[in-house]
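Across the two complexes that follow, subunit A remains constant while its partner is subunit B and subsequently subunit C.
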Partner chain A sequence: MSTTDQTTYNGPDGLAEEEREALEALLYRLADDELVVAERYIEWAVVAPTIESDIALTNIAQDELGHARLWYDLLADFGEDERTLVFERDPASFRHSTLVELPFEDGDWADAIVRSYLYDIAEQLRLEALAETSYLPLRDRVGKVLKEERYHREHAQNWLERLVTSDEGTENVQVAVDRLFPYALTLFEATEEADERFVEFGLQTRSLGEMREDWLDVVIPFLESLGVDVPEFDDAADLLPEKLGRDGEHTDTWPALHADMTHSYNELGRPEPEKIMDRDE
Partner chain B sequence: MIWEVFRQEKRGGYHTHCGNVHAPDREMALMFAEIQHARRKPTTSLWVVPKDDIAEVDAEETSFGGATDKSYRWVAGYTHTRPPETETAEDAAEVVLSAEQQDEAEKGREELNNA
Partner chain C sequence: MSTDFDLDIEPEPCRYPDYEERATRSFDDLPATGEHAEGVERAVWDALYEIQDPEMPVSIVDLGLIYDVAVEDGEATVEMTLTYTGCPARKMLLADLEAAAADVEGVEEATVHLVFTPEWSIDMVTEQGRADLREFGLSI
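Right, the complex of A and B next:
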């Protein structure tokens, strides 16, 4: 919980150098996760199991893109713009968790659902830890984002509960959990700029380690209640995959995804990204 | 399974049929309908109803409203109306008197206020 004597900030002015670095690191983690998870979800457009599931998942992708825009927009206060934040940014500087960049196997709907479940539970915990953040422009945006997240969680949970009603579905979910669970743990990985300072400066009211425990406390009982096993571990850190994403180290699949994402921008030789919405205040 | 979707735009208003969704059960039908039929339109409430649970009778099978002349149900069916009563001189005098009394009363109130 935040303490009452925590200093708050109305904007970039008044932030010390270290505080600014920590805030930027936090915003990049947030925004990059949302952008990249949405980019992957969109691959299901037209090929989801039914038109209804297609519309529901791509709508969730639209929500996540909207959230990415809200977080990137806060980085604009530090001199960045859409061009430098997304379209002309070095792929190696992205800080999203490797969970969100992994490709889907063709037709592996269980992967999309398991991934969104693991991601959206973490997303909720993270937003709750930001609800009282000392950086007020961020605090102002958390409430409305949280409102949209309820649907995302229910969507994933409802699907999971139904996928496990057949042996084949349960098997598909199990395979997806085995593959994705270690990558999901990277969501909570600290880096040099991250974590300790997030809490120290009041940017976040729970540490990454605490959030990981909270997440495990939600995710493991739920999956087990569905008859799905979660990989065993003594220390969750032992399960971590080689590439964490948070430190800029990504899987081999990321450069291709980044190239896809920026393809139209580059091919069409656009001098500036299209701006279709004004700044959201 | 097909679920028909009904959307209410304002509290207290009717739920109006707006389309359908495919879903295996009620919970999923509501979840899909929320995105498909309420995302871009003002919505205060949604109903989903299994298509098979809706009973229907069609104009091909029955004669809605009967088959004989029922024009007496409509105002337009009544072509003859009574002419209005003519006002009498007495009625007119009463109206003039009443107006004069009101003017006087108002003048009295103004005098009181100015005093």
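Right, the complex of A and C next:
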């Protein structure tokens, strides 16, 4: 879709109420996904199967946290600062997909890899749909993030290819795909605020439905090429899990994860944890 | 988009950066080093030159992180990028930059904006930066 005749927005001031609402919804989905997926990845720090995989996954988590900050920055332009957006929000206001909040079974490395594969393909499609976004402060940041994401997909794909070289590995990947695939579909779920308006206002150049089709066209052939089956469906929507995340309805694993995520912040009770001492006068 | 680091820690009303101008601007001739800068802007570039990358002994200017410096009526505005988005020194660097720029005589207030287009790459490292990195033991 060409955006040449699309109005562009230089910042918060030029947005009508409805446009602002849609943009905020879009940014919360982006930022919360990145924050929460990173929060889960870092659980592998020190316990991944090898030192290298340990560093790789936590490094990916670091990237995703960096990306989350870029999106929270843009939300901060509407008033609330990063700290509030991350640490002081009502857990019920988070809009991440339930894919990223699910806990890992003990030692289930295949889950971490399958999850990052499903997520990172979706993220690539999403960023590509934002490359020409009408909101210019967002557009400024997309190219850089897209570039960093390439390594994430390479990492997940390389691992998947290695995991399926044994029967046991293939079985583990299969179990993870069966479990996670329906949750991954929630990434593309529309809500009242997040729907056709994304495209209508030029915030995104592909609709959620189109991106879901694009995603299915990538992940299904790839997984099948590895000898892994994807759940069958007539309409992908039939596979959706009960909790979508996008509408604020989360699985019962979210409150504990949120409590972990905010634990140190709450415990420290410092209004400015990054400031160690006052500057010399 | 910017930190609110203020030397005198005086509360100030929410001040939106000038999006109108910023969102549509492009940066030519990178890396920028302030080669032709004069007066207070020259002094701000000099102050920024003193700041090193937290991991390598190279000036952030020679690393190519500074896209622009402008001073108007005592207000310094620095446009800066990061080598990668997950940079853990982001807040520290932004605060250091704002403090360094604000310390310059003729500057009353300094703001640093993060920009990511064009994306930073190794091509943006200056000749001096390359020499410093080689000296440090990196092949570049």
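In the analysis below, the second predicted complex is superposed on the first by the 272 of 281 C-alpha atoms of A that agree within 3 Å, B and C clash if a C-alpha of one lies under 4 Å from a C-alpha of the other, contacts with A are read in each partner's own complex, and residues count from 1 in each chain.
Throughout what follows, contacts are C-beta pairs under 8 Å (C-beta built on N, C-alpha and C of every residue); 3 or more make two chains touch, one makes a residue touch a chain.
Since the model is a prediction, treat every value here as computed from it, not as a measurement.
Chemist: Where does A:Arg162 make contact in the superposed view: on subunit B (first), on subunit C (second), on both, or on neither?
Modeler: In the superposition, A:Arg162 touches subunit B alone.
Chemist: After the superposition on A, what does A:Glu148 contact: first (subunit B), second (subunit C), both or neither?
Modeler: After superposition on chain A, A:Glu148 lies in contact with subunit C alone.
Chemist: Now for A:Glu34: first (subunit B), second (subunit C), both, or neither, which partner does it touch?
Modeler: A:Glu34 contacts neither subunit B nor subunit C.
Chemist: Can A:Pro137 be said to touch subunit B (first), subunit C (second), both, or neither?
Modeler: Touch partner of A:Pro137: subunit C, not subunit B.
Chemist: Pick one for A:Pro12: touches subunit B only (first), subunit C only (second), both, or neither.
Modeler: second
Chemist: Comparing subunit C with subunit B, which touches more residues belonging to subunit A?
Modeler: Higher number of touched subunit A residues: C.
Chemist: So subunit A touches subunit B in one structure and subunit C in the other; where do those two contact lists coincide?
Modeler: none
Chemist: So in the complex, which bits of subunit A are touching subunit B?
Modeler: So the residues of subunit A touching subunit B come out as 50-53, 55-56, 59, 151, 154-155, 158, 162.
Chemist: Given the complex with subunit A, which residues does subunit B contribute to the contact?
Modeler: The contact residues of subunit B facing subunit A are 21-24, 27-28, 31-32, 34-36, 39.
Chemist: If you look only at subunit C, which of its residues touch subunit A in the complex?
Modeler: 1, 7, 14, 16-17, 19-20, 22-24, 84-88, 90-92, 99, 114-117, 119-120
Chemist: Would you tell me which residues of subunit A are touching subunit C in their complex?
Modeler: 8-14, 62-67, 69-70, 73-74, 76-77, 79, 136-137, 139-141, 143-145, 147-148, 274, 279
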